[in-house]
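This report refers to the structure that appears directly beneath it.
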Amino acid sequence: MQIFDYIGYFLISVGAIFLFLGGLGVFRMPDFYTRVQAGTKASTLGAMSIILGVGVLQPEWFVKTLVIVIFLAIANPLSSHALARGTHKAHQKPIVKDEKIEDAYEIAEHKAEEKNIK
Amino acid sequence: MDLFFIIIISIISLGALFGLIRFIKGPTTSDRVVALDTLSAMLIAVLVLLAFIFDRYIYIDVSLIYAVLGFIGIITIARYLEGGI
Amino acid sequence: MGIGSIIFLIGALIFILVAAIYAVIQKDLIHAVIATSLISLALSLVFYILQAPDVALTEAAIGIALSTIIFIITIRNTKRYESE
């Protein structure tokens, strides 16, 4: 029984560190599109890790924690994808420092608009 | 409460503080919604952890409701920003 | 209820206070709606620490999904910015 305790505490510690890194990424990143990837990926992994750690520590609760993890793995990327898509369609541009990339981005947006008009 | 769980919840609360600062500062609407999404994931983890600390099995249901219903509001705001609700 | 729970509860209440003041002074109504959702999120945590999980469950279901949808539909049919 001792080994399961160690695994559970290790999973909870890893999850807490990843949740903190998710918050720090939301605070420090320069741009919306980098913020959405830092905030949602890291926080999803952290929450899943903490919930699985609790499920390992209490083996009677394992089925319900597994259900929560499955719902979290479906719902959280779905909402972040919908948010990034909506922001892109509202014409919010990312910050780019290279001029070539900026030109390519504008050309791609122009093509997409032409395809929409047709 | 054990010392280990106090340290864990303090680390997560520090992350939530950064999220709140981004929510107040954020220049556009989308940044604020990203902060809300991150705080929602943090809250799901903290609720399960508190259910383990209090040692009550029923308390996990609140976290399950959050995991099932939490994305509906964010999708609604995203569809409003897109312009096609 | 130990001393750790009381400190955590006070932190959640300060969180609610900051979000509520932000929702009152903001001119853009979409930002105010997001702040209202944040208030509901922290209030659910407060009910949870005070050992009332049924109230927390209702607050979660209504606050984060239903009231946000109703407010967004209302703002879509009226104006987005508060007039001076």
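Residue numbering begins at 1 within each chain, and the chains themselves are lettered A, B and C in the order written.
Here is the rule we go by: a contact is a pair of C-beta atoms (placed from the backbone, for glycine too) under 8 Å apart; a residue touches a chain by one contact, two chains touch by 3 or more.
Because the structure is predicted, anything quoted here is derived from the model rather than measured.
Peer 1: Any idea which chain sits dead centre by C-alpha averages?
Peer 2: Checking distances from each chain centre to the full centroid gives B.
Peer 1: Write down the chain pair with more C-beta contact pairs when B-C is set against A-B.
Peer 2: A-B
Peer 1: At what distance in angstrom does the C-alpha mean of subunit C lie from that of subunit A?
Peer 2: Computed value for the inter-centroid distance: 22 Å.
Peer 1: With chain centres defined as C-alpha means, what is the inter-centre distance between subunit A and subunit B in Å?
Peer 2: The computed centroid separation for subunit A versus subunit B comes out at 12 Å.
Peer 1: Touching two or more other chains, which residues of subunit B qualify?
Peer 2: Correct list: 16, 33, 70, 77, 80.
Peer 1: Contact residues on subunit B for subunit A in the complex?
Peer 2: That would be residues 4, 8, 11-12, 14-19, 21-22, 28, 30-31, 33-35, 37-38, 41-42, 44-45, 48-49, 51-52, 57, 60, 63-64, 67-68, 70-71, 74-75, 77-83 of subunit B.
Peer 1: With touch defined as at the start, can you tell me which subunit B residues reach subunit C in the complex?
Peer 2: Answer in residue numbers: 1, 5-6, 9, 13, 16, 20, 23-24, 29, 32-33, 36, 39-40, 43, 46-47, 50, 54, 56, 58-59, 61-62, 65-66, 69-70, 72-73, 76-77, 80, 85.
Peer 1: Show which residues of subunit C lie in contact with subunit B when the two form their complex.
Peer 2: 2, 4-5, 8, 11, 15, 18-19, 22, 28, 30-31, 33-35, 37-38, 41, 44-45, 48-49, 51, 53, 56-57, 60-61, 64-65, 68-69, 72-73, 75-76
Peer 1: Using the touch definition up top, name the residues of subunit A that touch subunit B in the complex.
Peer 2: So the residues of subunit A touching subunit B come out as 9, 12-13, 15-17, 19-24, 26-27, 32, 35-36, 39-40, 43-44, 46-47, 50-51, 54, 57-58, 60-61, 64-65, 67-68, 71-72, 75-76, 78-80, 82-83, 85-87, 89-90, 92.
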